[in-house]
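In what follows, structures are represented as structure tokens.
In what follows, chain A forms one complex with chain B and a second complex with chain C.
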Partner chain A sequence: MALLKKSSIWIAFLIALLGLPLVFDSILAISILNQMVIAIVFALSYNMLLGQGGMLSFGHAVYFGLGGFLSVHALILIEFETMVFSILWIPLIGGLFGLLAGIFIGSFSTRKAGTVFAMISLGIGELIAASSLIFSSFFGGEAGISGDRTFGPMFFGFDFAQNIEIYYVAALWAFIATLFMYLFTQTPAGKMANAVRDNPERAEFIGYSSRKVRFISFCASGLFAGIAGGLFALNYEFITEENLNAATSGRVLLMAYIGGLGYFIGPIIGAVVLTLMNSLLSNYSELWMLYLGIMFLLTVMYLPRGFAGFIMMHQIAWIRGNMKLLIKPYIVTAIPALLFTLCAIALIEMSHIEDEVFHYLGLELNPASPITWIVILAVAGGAFFTVKRSLVQLNDAWETANAIPKEEEA
Partner chain B sequence: MAILSLKDVKKNFGITEIIRGVSLDIVEGEKHAIIGPNGAGKSTLFHLISGRYNVTDGSIRFKEQHIENKPPYEIARMGLARSFQVTNIFQRMSVFENIRCALFWSKGYGYSFWHLLGRQTELNDEAMHVLEQIGLADRAKFPSGELAYAELRALELGVAIASGSELIMLDEPVAGMSHSEAQNAVELIRKITKGKTLIMVEHDMNIIFDVADRISVLVYGEIIATDEPKKIRANPKVQEAYLGEVHSA
Partner chain C sequence: MLEVFIFATLNGLVTGFLLFMLASGLTLIFSMMGVLNFAHASFYMLGAYFAYSLSLYFGFWGGLIFAPLIVGVLGALVERYGLRKVHASGHVAELVFTFGLAFLIEEAIQFFWGRDTKNYQTPDLLDFPLFTLFGQEFSAYRGFMMTISIAIFIALYYVLTKSRIGIIIQAAITHPQTVSNLGHNVPLIFMGVFGMGTALAGLAGVIAGPVLTTFPGMAAVLGSIVFVIVVIGGLGSLPGAFIASLLIGLLQSYAIASDVGMPDLLGLLGISFDRSHPLNDLWTMNLPQIAPVLPYLLLVLVLIFRPTGLLGKREE
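So, the complex of A and B:
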């Protein structure tokens, strides 16, 4: 029964992965879906370090990028028939090199956790990013290197020229990688990673070298980051220094953190949300990075356990059948909160644009007129005030929904 | 035969000598208590034996092998388990997982990333059995960081005893427990260490005279006497240095 329940989640995940491109079938949607599955694998691999192993890395893109570079080189070798195999296996090449890099770098960086580990990861990240610009015969300098995935033996008549074909390849690999990363958490090495995260000292007194425990997680994390890099290489057919530098490392940290480090599903949520924001917001506003930053700040401050933690917070209310108590106060709070957010965005955008008219939500606003500013500020203020008031009610409802029923107390 | 043998062990922190030449033989199977005033160096001695600190001088042998300055995990694998005076557990993991982790090494799992824990019935049953012994079976799924104090102490004890090591060292296992809780814990300690060697630091004299075969008195980093409980009680040096102090307190 438990097994059935567990496997049903995985079947649902697989169906979702395979079914999504049937629902969202535009070119843009397929490209976003491709980015999404790559991001899922990458963010999950990051969480093996931070969420599960307590290692804060600022250089995780190194393993993603190296896996990606090797994969593009493999594509080139296939193109020139130096090697002959289906491009289906490219992610394994990425994974292998992610693993090798993990073994090499992990052999000294996992000696300590905490600040020392974080600083080493930052240093290695900078080092590899700088080297990639220097050794341009391998990394292709600023332009990076590119390949072509349509060479190599066909796979049941597919030559993978279409993005949708690559999506299915990526989705299957993402599924396998996710499954294995989950299974890792259910092994002695995976549990000891948690133990060492919580208390490296005590772990040593029950027979485990905390360094070796960290090393194993680190290598596994490198392997899966490399697989994600391989998927990236297949999808874009090129890779540059940008894919292994600090910005990419920062983005994966953000994804895992916003999604929720404490839950296996957290980084998946983070990867989905951030990829969507990334691709959709960037179409609407040049300032999307700013909004991303604000969202990150708000998450750190108000949802330290991320989106997944926020969802899981409702477990007790759900079990007690009290969710209905929360729906109304949530809606009553969400509406003015949304209004406030829209006003805030309008104000930020108006101080940024230089056009005469600002098209916003079907309105034509005049940024030059003080009246526009005053009205929006007034609405924002009203909304803010309403949110504050409804938060009190929400809080009360929360207490009631989570209160221990009388008969249980006795 | 001595299972553990300390010879002239010294420990300095900077220029302060905390352990000033301790020699001690622990006989296999005995229940040995270490007593002494606050700050005497009892916990430090535990840390030296279990590998948390390196010795400044001297030697420590466990089952005939030198263990001084070895990393804690190697000593633990040889069959020496310990608990801590200040609770030291895996606070974000569940109570059950804490105990199960403590079992991994002795059950031969090592660093395995190929055993799925859901399928290790014997291991899981064993962990549940330990939980029942320490009275935390109904807390199995509880996050251990949220336990009440007495429960935390029980878990601390459980993590130390789970693997069934030959030599068990407990640093004030019942400190801060209520009288009846302490009584239960002592009963459990007695049961679990049957046929094993126990070294225990404890302040409560009733418990010590109840459990221990022999007592060592540590004062300012030196053992001033090692003997049977009755003789320790009668020892004038001990009375002067330690017992008197307790009675007047």
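So, the complex of A and C:
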């Protein structure tokens, strides 16, 4: 019974993964879903380093990219029948190569955490990204390399030409990878990783080598990043230098951080939110990266534990049954906050647009007229002050909801 | 051969001194706050863009004076209203904050100035060859860059070691509590140092903009190199940063100017490989080609064998 209760959330996760393409079945939706499951695996593998092991890496894309490159090479080998196996196993090849790279690089970089580790990871990331342009027979130079996933033995009649077929492959791999990453956090190695993150000195005193503990997390993280790279290779059938350079490393840091580092589910939230923003927002505005940057900075400043941390903040109020106290102040704050955000976006877009008319939320705004600007600025200012005032009430409500009941105090 | 060597040395020195202007601020900020400012090169880029816009109205010299001031004020504001807030969440959060700031500044620059390269030119006054050696010209602007950088280096050295403010700053680095007890406003000093560091980065941007082209990727080009320098020099060590700046500047300059490579080395050893050899890329590699990789290689080697850097004392 206990096992059933524990596994129910995993069964729900699996059903959600497999059921999503039935609900969102357009071509665009499938391609977004593909990106999403790849991003989930990648972000979770990053969280093994930073969230659970306390190692801030600026070069995590190396393992993703190397895994991806080897996977594309494997696809090419299958195409020319040098090797014969189903492409289902490609992510495993990516993972194994990610693991190998992790073992090699981790052997010297995990000696210290903190700034030294961050700098080594940055150096290695730049080193490999730059050398990938030099060794063009393996990395294909700027153009990258490409393969074709439709060769190799069929799997129950599927040749994996369709994106939806790849989605199911990716979803299954993502499920397995997520499950194993979760199980890893429950192993002694995973628990020790947390201990070493929080206090390496004490961990050393009870007889654990903090270097060895970091090394194990590092290798496991490389393995799963490689699997994500393999999934990427299967999905896009090509890979370039861009997939192992600093920009990709930065993106995975953003995902994990915005989602929430301290929680297992955090990076999943981050991966989903950022993939959605990436593919949906970029259709509406070419400035979406600017919004992403602003959102990221605000998250670091005001929600240091990410979205997941924000949700988990309400645990105490929830247990005490005080959530109803918070609903009203939340709504009162959220409405003007949303209004302010919308106004700010309108102002940013209007200052950038070159057309005569700016279509926004069903309105037709005239960017050339000063009246439009004054009205929006006034609304934004009003909304800002309303938020500022209602924040006080929200804070009071928060205190009441989280207060220790009288009888407990006594 | 001699002319190649002399010009490579001169160019290496120009780059080295320029890098030091960035590295000095970065390493000062690190020793005060214990945080590596990822956005440091972004302030350098902001300096170039502000100077470009100002130069349209006030000429190059107006930009030279005002752009670093604006960048310094911006930097101080970032410290006051951003970093100080994040400080409570720990070092990782601070590092991630500056990383996000770098990202945001790059996007903001594309928002205000666009994605294209700006036509930021050297001033007419300095548009002549300073001297001609072996038929090759050395432009006056490069000489000017070097003069400014050396002047900054001397001024910085003087202010930090001889002046009263410098002594307070040095004391605040090692003993912030005591300095605070003596009645100095330590947070204000931190803000000032951050502002000064970013202003120096801005100044580097102003003088580098016309030579290294002003475009939205210019921070990324220099950003990680500056990190390499402060780490190789030893985190928090100003003399170390100076040596490492010149080292990296000269190393890259010599590597680009040279024309030796693996074929020469293999030729010396009497080995030759067929073009169809699977490692053909490795056997045909030459030094100019791997010049961009050298600093990172050096970084990784230094971190493995001497994690404290050349002159660093701090052991974490």
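Simple rule for what comes next: the second predicted complex is superposed on the first by the 408 of 410 C-alpha atoms of A that agree within 3 Å, B and C clash if a C-alpha of one lies under 4 Å from a C-alpha of the other, contacts with A are read in each partner's own complex, and residues count from 1 in each chain.
The criterion applied here is as follows: a residue touches a chain if its C-beta (ideal position, glycine included) is under 8 Å from a C-beta of that chain, and two chains touch if they have at least 3 such contacts.
Note that this is a predicted model, so its numbers are computed, not measured.
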*Return first, second, both or neither, reflecting whether A:388 touches chain B, chain C, both chains, or no partner chain.*
neither
*Please tell me which partner, chain B or chain C, touches more residues of chain A.*
C
_Just to be sure I read the superposition right, which of the two partners does A:300 touch: chain B = first, chain C = second, or both, or neither?_
second
*Based on the superposed arrangement, let me know which partner A:201 touches: chain B (first), chain C (second), both, or neither?*
first
*asked:* Quick check for you: in the superposed arrangement, does A:289 touch first (chain B), second (chain C), both or neither?
replied: second
_Looking at A:213 after the superposition, I want to know if it touches chain B, chain C, both of them or none. Which is it: first, second, both, neither?_
first
*Using the touch definition from the top, say if A:190 reaches chain B (first), chain C (second), both or neither.*
first
*asked:* Residues of chain A that sit at the chain B interface in one complex and at the chain C interface in the other, please.
replied: none
*Over in the complex, which chain C residues touch chain A? Could you list them?*
36, 82, 85-86, 89, 91-93, 95-97, 99-101, 103-104, 107-108, 110-111, 220, 224, 227-228, 231, 235, 278, 280-282, 285, 289-290, 292-293, 296-297, 299-300, 303-304, 307, 316
*Okay, in this complex, where on chain B does chain A touch?*
50-52, 71-73, 76-77, 81-82, 84, 88-93, 97, 100-102, 104-106, 109-118, 159, 163
*Within their complex, state which residues of chain A touch chain B.*
183-184, 186-192, 194-195, 197-199, 201-209, 212-213, 216, 220, 262
*Within the complex, which stretch of chain A touches chain C?*
50, 54, 56, 58, 108, 111-112, 114-116, 118-120, 122-124, 126-127, 130-131, 134-138, 246, 250, 253-254, 257, 287, 289-290, 292-294, 296-297, 300-301, 304, 348, 352
